[in-house]
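Below you'll find the structures, each written out as structure tokens.
You will see two complexes here that share subunit A, one where it goes with subunit B and one where it goes with subunit C.
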Partner chain A sequence: MTQYFIRRLLLIVPTFIGITILVFVITRFVPGGPIERMIAEAQQASMQSGGMTQSSGNGIGAATLDQDQIKQLEEYYGFDKPVLVSYWDWLVKVVHFDLGVSTRYSDPVWDTIKERLPISAFYGILTMLITYFISIPLGYMKAVRHNSHFDHVSSIVVFIGYAIPSYVVGIILLVVFASNLEWFPMGGFYGDEFEDMDSKLEQVADVFYHAALPLLAYVAGSFAVMTFMMKNSLMDNLAADYVRTAIAKGIPFKKAITRHAMRNSLIPIATHFGNNISVIIGGSFLIEKIFNIDGLGLLGYESIVERDYPIVLGVLVISAILQLFGNILSDICVAAVDPRVQFR
Partner chain B sequence: MSEVLLKVKHLATEFDTEQGIARALDDISFEVKAGETLGIVGESGCGKSVTSLSIMRLLPKPAGNIVNGEVNFKGQDLVNLPADDMHNIRGNRIAMIFQEPMTALNPVYRISRQLNETLALHNPGMSKDDIQQASIDMLKRVGIPAPERRMKEYPHQLSGGMRQRVMIAIALLCNPEILIADEPTTALDVTIQAQILKLLKDLQKETGMSIIFITHDLGVIAEVCDRVLVMYGGRIIEQADIFTLFDKPSHPYTRGLLNAIPRLEKPAKETLSTIPGMVPSLFDFPPGCRFQNRCEYVQTRCEQETPDLEMHGNDTHQVRCFRFKELVNL
Partner chain C sequence: MSLFQLNPLTVKKINRFKSIRRGYYSFIIFVILVLLSCFAEVLVNSRALLVSYEGSLYFPTYGAIIPGKTLGLDYEYETNYRDLQKILKEKGNGFVVMPPIPFDPYENDLRDGEFPPFAPSFEEGHYLGTDTIARDVAARLVYGFRTAIFFSLILLVVSYLIGVSIGAAMGYFGGLFDLLFQRIIEIWSNIPFLYVIMIISSIMIPNFFTLIAIVLLFGWIQMTWYMRTVTYKEKAREYVMAARALGASNARVIFNHILPNTVSIIITFIPFSVASGIIALTSLDYLGFGLPAPTPSWGELLSQGSNNLESIWIVSSVIVAMTIILVMVTFIGEAIREAFDPKKHTTYE
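Let's turn to the complex of A and B:
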């Protein structure tokens, strides 16, 4: 077991290098970078031959950036140095959490991300917990009562959850429960009076009061797949030979499920866990936008719209690292439920 | 005459499938006496496994159902026994081992847990230490070296033969009166197969249990069984003690099966005779004798009426064929 984890942890290094190379390649597309220069040159060439005049010298992407900001980007990404040198320099900066400076806010990128990450993580982790809390028991009941009324009716609900995109669920929830019924706030991570609240308890309650609708929207988007996964996995295991062995030993059917089939059917769920965590912590910019939550998803989206390249790439780096850790976490989970894994 | 433990009477089992109802067992009747080994033999698909699963009430639900008959175990009819009483019988008084040792154990639990669980279930008063010790002793008895170490291992760390030994250990933990072995050696290679057969015979001598031994291999039957049922298309078509069966096979199907085994004493020039034709699917059996489409002695009567299982000579030999008496001399 320990050996497996050591091997797994050592794998982080090459994976990390792979990820950073990928992101680094993308940085070459930033305004002032080599790719854009090439495009600009090509454009100029074609325009000259067409006999047209062009005023902008810096290409399309840089339209909103001034000369100083371009200089800053050039310096941070090292466009003037050889590729390997600039990759190394950049990598060293990334490892030290120096992700450059936002062209929009003029704040260090890492500071901005650091502010947003916990908000997205709060929603992400809660969504995941609630999703598992619903999907595992629901999938279990659907499998045990396969083809019953309960199974059919719940399938309809699950399918609706699957068919409607979560941002649509978000908008419906917002219109019905916030706008019309006014049971819940319109958005935000917490209310205006948050700072003035006397007790921690009140503050926590306020956060959850604001979180209810977005959480519902998130869960609606994720529980369908999980529920079907759990059901199918358990169905497969119910038909497995070892369950028949368990019953032949004298174990009642229900106990054979909980004691024997359950753990085996959690293996695919555990495999999925890592993907979930990184996707979910990243946050959905649509839901964050609808509910006006200042999370990572919204930050990334706005930065793309505003062409705030350091932030976009910073979010990319952080997401990739989250994915990396998500995968490791996932492997640990799988190894915890499946003893065969360490021998693969 | 030893005591009769299990009396199966007119047992019929059906599967509810998409193509309709399939009668997998029809009018199955036989007895198992204390201490004997009863073989059940027949081609794949003839209903051997369904017979054992019906006795244990392990048929896949909701598709498989016993629709007629009785499984009388020492005076109790298992077919109608309440579920709780059935739990006390399974693994405790009637135990079972299966064909696929690779998948029959739970991959995520240690061997120890899979053994101890059975003992704890049927012996609620037993202490943890006693259970652990009894499990280790049992592993020793089924010939597993270093049982203490094996207890801590997972099924994937054991070979097929070792896993089948573990299955046997689990089955025998509670000293069952009957062990049902459904093709326990089919998935194993020949040397391992011989070891497992010897082990089962030795353990039977020690414990005095009865064994229902299911196989498609008449060679294996000859090695371990006292009495044999031959099945075809969900029916018993011949039943005899082992010597009678090999000496005077009376049903055309049994004769075909025996001819299909290569024999040392027969001249090598004889080509391996096999039974021509195919077993129809459960939905395509014609009325009358189910063997008719492959039988070289078929007559009009065979296509209209179903032959009964009739006594032949001594009272342990029974045959289901209209013409077996004429065939004796052929």
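Let's turn to the complex of A and C:
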């Protein structure tokens, strides 16, 4: 078992290198990288200022950024070296927690990510808690009252949550509750008056006021699968011989569930734990964009649009690491709750 | 081939599927919708279905452009059939039969003195209104559905072909081949794939088939992994041992014995793959990393709609369409799973 986890931990290294080298190479061989961007921006600037003062429209670009400056820029971004050499340089820096400098903001990438990470984590952790909080009792009730009126009605909600992707739910919520009814704000992590608020309590309330719709969208995306899983596994266990034996021996039905069936039914839920981490990272691009939340997802999305490759790679590094550890964590959870599981 | 002969067991499964009403009806409606979308040009088009002009009949839907001169108008470019309809009605020397939605998904139906998006109106023929550059929403919905469904179906076929062949080989032969692919899959499945797809397609601006290839890069894993497990289990069963004892070759065991026994499980996956293909394309289009600009797509409509919430008809029509299709596909999936892999539970009173 220990051997298995050590191997898994060691496998993080080649996986990480594989992912990053793939993206690194891609970002290198593309037109429209940071240098071309800078040249274009300089051109625009000279067009605007130059057009006002003098009428010499020709020779733009060269006039603002000469060959030496371009060379300097290339050196600065490491574009003057072969791909693998600059990849190695980059990797050495990453190991030292230096992710480079954003080409758009000129801030260190790591600082930018550190700023955004808590916001995504806030949503991620809350989503996970709420999902467990809804799914486990709901799945339990649906299993116990299988085929009842309650089961059928709740199935509709679960079913819609299952069929429709979470970001579409987010858009629906935005249309209904923010745009039409105006009950909730259109987006953002907190309101404009956040800095001026008197008490911490008011600030917390404001954050949750803004978080209500995105959280609902996140939860809608994850609670359905979890509820189904809880219900099915509990029903499998209820049908198992050991529960029948327990009931036959005279244990009250309730106790048979809580003491026997429930424990084993939670195993698949534990397996799902690590998947959640990746779902939250993956899903956040869409939901953070819809609700304009300044989290890791929106940062990654914007950096791709703006071709800010240091940030693109930075976000990739962070989300890859989170996902890698998430998967291992999920395996550890499974091994912890189910002694029968043998990893080899 | 035994794969396509309906044995009594399969007939039983199909009958069980038919008995699950909502799944069966969803299936019928869905198939009809897909078939209709193949002939979308007849239903949604700016070209007329039939023009009768001075005694001769024209069928402009498929085929070459008919210049305005031919139909008595004073220009050489393609006839505007909606105008022609009005003109011929006044003159009375012919008639035009337009499709139910008389707009092309690419054309801008601009008006003087007004700015799009235009609200839905029956008089103008824009039943679901227009988008921000005056293209008909209904037309774009229909063609967007066609793009999404064929994207998803092609993705499904190719990823299943890859998944089934690699997975079956992994499970059946085992050994070094299995180990190698296990490691590859372990690494591959840890990539935050949506993000990497976004990066790749931001760089190469994909078309329909390259986008399928990009999504396929990450889409083959699930089926491969599943197929590996199933084949591994089937291989250990007695009928395989019996076949091998009789001297059947590897190919024969795989194609004649193992594969037919896994088909029913593969089928239960299909509806869910269709749904996830549609969702993948729509998400990518929504983010702007899907098919390039003028292509009609649901994701593009969604993003337009959510950026113009005051023009509620854009976002609501695409959400309604998407919900209906996805719910139907999930109904089908649920029914197929129920029919092919029924679970009977003991319940307590």
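Here is the rule we go by: the second predicted complex is superposed on the first by the 236 of 344 C-alpha atoms of A that agree within 3 Å, B and C clash if a C-alpha of one lies under 4 Å from a C-alpha of the other, contacts with A are read in each partner's own complex, and residues count from 1 in each chain.
The working rule: contacts are C-beta pairs under 8 Å (C-beta built on N, C-alpha and C of every residue); 3 or more make two chains touch, one makes a residue touch a chain.
Quick caveat: nothing in here was measured; it's all calculated off a predicted structure.
S.K.: Scan A:263 for contacts with subunit B and subunit C and give back first, second, both or neither.
M.R.: So A:263 only meets subunit B here.
S.K.: Determine, for the superposed model, which of the two partners subunit B and subunit C contacts more residues of subunit A.
M.R.: Greater contact footprint in residues on subunit A: C.
S.K.: Where does A:168 make contact in the superposed view: on subunit B (first), on subunit C (second), on both, or on neither?
M.R.: The second partner, subunit C, only.
S.K.: Quick check for you: in the superposed arrangement, does A:340 touch first (subunit B), second (subunit C), both or neither?
M.R.: A:340: touches subunit B, not subunit C.
S.K.: Quick one: is A:244 in contact with subunit B, with subunit C, with both, or with neither? Answer first, second, both or neither.
M.R.: Both partners.
S.K.: Quick one: is A:252 in contact with subunit B, with subunit C, with both, or with neither? Answer first, second, both or neither.
M.R.: Touch status of A:252: first partner only.
S.K.: Which partner chains sit in contact with A:316 here, subunit B, subunit C, both or neither? Use first/second/both/neither.
M.R.: A:316: touches subunit C, not subunit B.
S.K.: Going by the contact rule set out at the top, does A:22 touch subunit B (first), subunit C (second), both, or neither?
M.R.: second
S.K.: Enumerate the residues of subunit A that count as touching subunit B in its complex and touching subunit C in the other.
M.R.: Overlap of subunit B and subunit C footprints on subunit A: residues 239, 244, 247.
S.K.: Under the stated contact criterion, what part of subunit B meets subunit A in this complex?
M.R.: Result: residues 56, 58, 60, 83-84, 87-92, 95-96, 98, 100, 103-109, 117-118, 121-122, 154, 156, 167, 170 of subunit B touch subunit A.
S.K.: With touch defined as at the start, can you tell me which subunit A residues reach subunit C in the complex?
M.R.: For this pair, the touching residues of subunit A are 11, 14-15, 18-19, 22-23, 26-27, 30, 32, 146-147, 159-160, 162-165, 167-168, 171-172, 174-175, 179-180, 232, 235-236, 238-239, 244, 247, 253, 278, 281-282, 285-286, 289-290, 300-301, 304-305, 307, 312, 315-316, 319-320, 323-324, 327.
S.K.: Applying the document's contact rule, which stretches of subunit A touch subunit B when the two form their complex?
M.R.: Listed in rising order, the residues are 239-242, 244-252, 259-260, 263-264, 267, 337-340, 343.
S.K.: Applying the document's contact rule, which stretches of subunit C touch subunit A when the two form their complex?
M.R.: Touching subunit A from subunit C are residues 183, 186-187, 190-196, 198-200, 202-204, 275, 279, 282-283, 286-289, 302, 305-306, 309-310, 312, 315-316, 319, 322-323, 326-327, 329-330, 343, 345-348.
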